[in-house]
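This is the structure I have questions about; it appears just below.
Letters A, B, C and D mark the chains in the order given here, with residues in each chain numbered from 1 onward.
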């Protein structure tokens, strides 16, 4: 259908529909309400169901119900609303249900404000909910990448029977860029023999649950989950490396911050500073390989975040003491400028800002 | 009043009352319901208020309300119920309200079961809620320590205007031990000039909120929060070191698991293996010092957890590549035995189990 | 489609669909759950929406929302659930919204039981909700009559912009009889120029509300409502008279009780007692005419109810002192038998039971 | 304590406290919020509990819980909020629980407005909830009468194990008059041997419920309720007759409307028109006696209401065709003036207004 000019939030919605998501349960919250509104208009036309739930908690539990029947289903929220979904997310993991959950992060903690932020990094990557679990988290940096990652998110969800989180920030949700919804060769869709689609004399009732009262039984399920997480770590790591081969300094940034950082890097390169970028695309599993490959050659890594320093922990774990890890961040909805980041590079490199 | 034989959950409740907590809002969930029940009986007698809320979400928001008036207030739950409180917890942080929140962890994820676990480690230490924040987390290993840490929790909460989490597991909540509620010289209680106790012509309304629509303003608040977190990291780290001076191997464990591990260590020592223990008492701030002091001398650290491997990340961050970090864990409500841990020590030490 | 054997609850549902009702919001409660279940299966197939709401209160407010857009919409409940809808029903009246609400009455008060009853007569006819209002109430006595009255209910709702209540009892809901859904010449459907279907530059927003802060304004609306009620009283009275022409005694009964009473009358007639029946079909407006026509000739009226005596007030108001009004009733889910009613006739008639 | 100048809503609250009501559960709604606010301040001081519930439905169910323990308890609302309580009220009746429920009526139906009205007459007297039941309803006309009737309401509730409704209008709730809370010789308080105050080996658990699955059993309970209602009708009828002995015309009015009507009557008397007043104080049981005593002598009754004509039905039932019954009403929050009512008298009396 060629290129279309759309808002980020709408691109997520349309990409979901494009890969067969017909069910959406959500509750409006700035800065992601366009996604909800788009689904409200769009889904009836494809024979789907949009339902504005009575709360975020209701929405995530409706996702649980719909996912149990094997359909592709999505919900979406922003930081405070995403916190309300933590119990439900843990249930999705425990019951091994595929679903895509979108968090368009805003300034926090608490009510905070409605400006862009990345300060839910820990919440999405370390498990905001209870129990041992990991969830694949994808963080697009452009609207065209939103298309690809949203579509992939559904494939990953189905393939591994897991919720998948799409993490963006308010800036990404609100910006407009031309995007294209291409024909795609989908990953092979696994048959959902586990789905509760009604018994028809075909082998008794199927049960979807996260309850397992017996400790040995629950441990067995947990190690089975851990094996799945290991498999995802093996197969689903995504990142982009930019000018890291000869880099003295490597910036680490994701999402829209990575775009700004890349501009700062280009400027620094013009001024003779050898600086590169590692852009994690999957926040979990976190890309360790590009760090292992570079950590004995670089002088320092700098984690650039729209938070007070969260991803830096994953960077430090990946670097494991082989090099210093520095930090530059803005919080509360302030977006770092190219200039600021360039200044940070200059400072670290011991150079002089021009 | 001398020693009394009590259940862990009840000890938490009585210790809270002992330091002046008269307000409790909660919702029952196994394995912490005795705490709720104890408060229901106890608080009316001290002129306090116990209220069983209509949900965990209501309870945490009632805590927000009560804390805003400057009184000492508590809530309590177990893993799934604790997940439901994540939004509210982030609000408490954002509004800088003192409160004590108890999580008696059970097997997860999802409904899981009602057996003991530590698998909410990430949730309590890395921020289960949204936004940049940290919360002091105290993890007692005995009932007498529950008394001390519960009482300290309220002092820390007041001193720094922050929620404090008490993290236990179902075993600790259910076990009975004799405890004593001693007279204590409290830390100096700060005056709560910020509390919304009604205007009486004394300077206009006081406002408790986590809302700050202006990005610059919210960032300012966030850096101020970060300074507070830094101060807590400086002042409130707690841990116990056991036979680490000459240790070749150091086990790391907290809560009830630390008690079991200590027994395994004793047995290993008897068999000539030089093994020690670092027991984090504050999970956040995580005690880095005992690792820094030992990391260049030991052959390995072993994180022993009732989870699939969560605290190990904090151990690795503290060790920072100076030594290998190994792991032994049980999940889903299975409690590791002394024997298992001893076997693990033997295996790591390359020795032969007897 | 010829005759089909169906359950009463299902007949209501199918009849609603037959006249274009595509939207149903409800919450299950015995003895009307088959209606909800039928709609859940049926509506998706006609491009409609079935939603099981989180409560009866949510359901009636969803009806308010849907009705505001001009579509035909229905909800259904049984006594306790119907009580929960009283605020919403008053709002529908105040905002002049067409909708059909079904009450399959069970034994009360309180939880009561799930047996058939008519003891919500006052609630449906005198206004269970607040404010001055009346609602047309239709009470079918057979499954074929359910078809006709359900279909008419939607026409009446649209014609007068008013909620309409279908009142049945558990027996009627559960019984099976062959029914036919005939082609029908609908009443002229009024155009819904008031419906909030979105502004398209066609004259500004339409507002649906029951709020009118100004007392004079609200009184004006109220007298306008009263005029509408007067019009309904003029046009929509329905009843059946059976052997009343020469009757010395007239039984008054509605719904399934009327069927049983008719059998008792037939038996009494065989034994020479001149007894007839007035069967109100519309409970509001209550049929006064057949009473006015007979009240100076009969020796007594006997109101036969599955309640402790509620309709008897409307009978007394219609008779207005011209003749004695007696009562026979069973409550709490007990259905009066033909024999009991026959005995009552004998007693009143001063005769001797055979 | 002598005379105090208070607002009507506050008088209700203070009178309740005066007779030992220590428990109040409510939700604010204009025009009765002062009652809620007064209780919030007042009850802690008498060792009671005030709780602002999360909704009207929660409040009435909390009343159910508190009443089950035998304490004196109250809730309060205004029209829309009162509608929300209908299920709970029916449960109180079914479980035979004493409680006082206040409805300060405002203009309806629906949201209506916050002006005074009496249009919930049917709702309170005919049973807004489901099932066969009656509830004593007291309608004071002055603030001093509020004191007496509120205090009596608790006595009646305890004596008959029944909820009692206090019905006022917004004008009565908002007006200020001096009142006195006198020492009173209470009716003998029945012992509450049925209250669920905990088992102490004194004869097994007590059960409070409105559930009775067996139809015969529920019918038995219902007739027992009906006997109680008959007893209340015998003992608890209250009314005031004013100049009815020689009256050609009798006005019927309650609450504040009765006060205004009395002034109009005085003026009519001065102009030689023989007119009197029957003021029902108990709306249920409705006072039939003063009508039976006068109905063969008067030329007409005129029901004067702040509604579109509701009490008139009870007047007609009491008059039973012996005399014409006319009506004068204002609705939607409009309060009839003395002049209007006087004009109505003149018109009816065929006289000439001066």
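One rule holds in what follows: a contact is a pair of C-beta atoms (placed from the backbone, for glycine too) under 8 Å apart; a residue touches a chain by one contact, two chains touch by 3 or more.
From a predicted model like this one, the values you see are computed outputs, not experimental measurements.
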Label-sorted list of chains bordering both chain A and chain B is none
I'd like to verify one number: the distance from the centre of chain C to the centre of chain D, where each centre is the average of its C-alpha atoms, in whole angstrom. 29
Could you state the distance in Å from the CA-based centre of chain B to that of chain C? 60
Rounded Å distance between chain B and chain D, as computed from the means of their C-alpha atoms: 54
Take each protein chain as a node, join two nodes whenever their chains touch, and name the resulting shape: line, ring, star, complete or other. ring
Across the complex, what residues on chain D touch chain C? 57, 79-84, 86-87, 90-95, 105, 107-115, 117, 119-120, 122-123, 126-133, 209-223, 225-226, 307-310, 313, 316-317, 320-322, 330-334
Applying the document's contact rule, which stretches of chain D touch chain B when the two form their complex? 49, 51, 54, 58
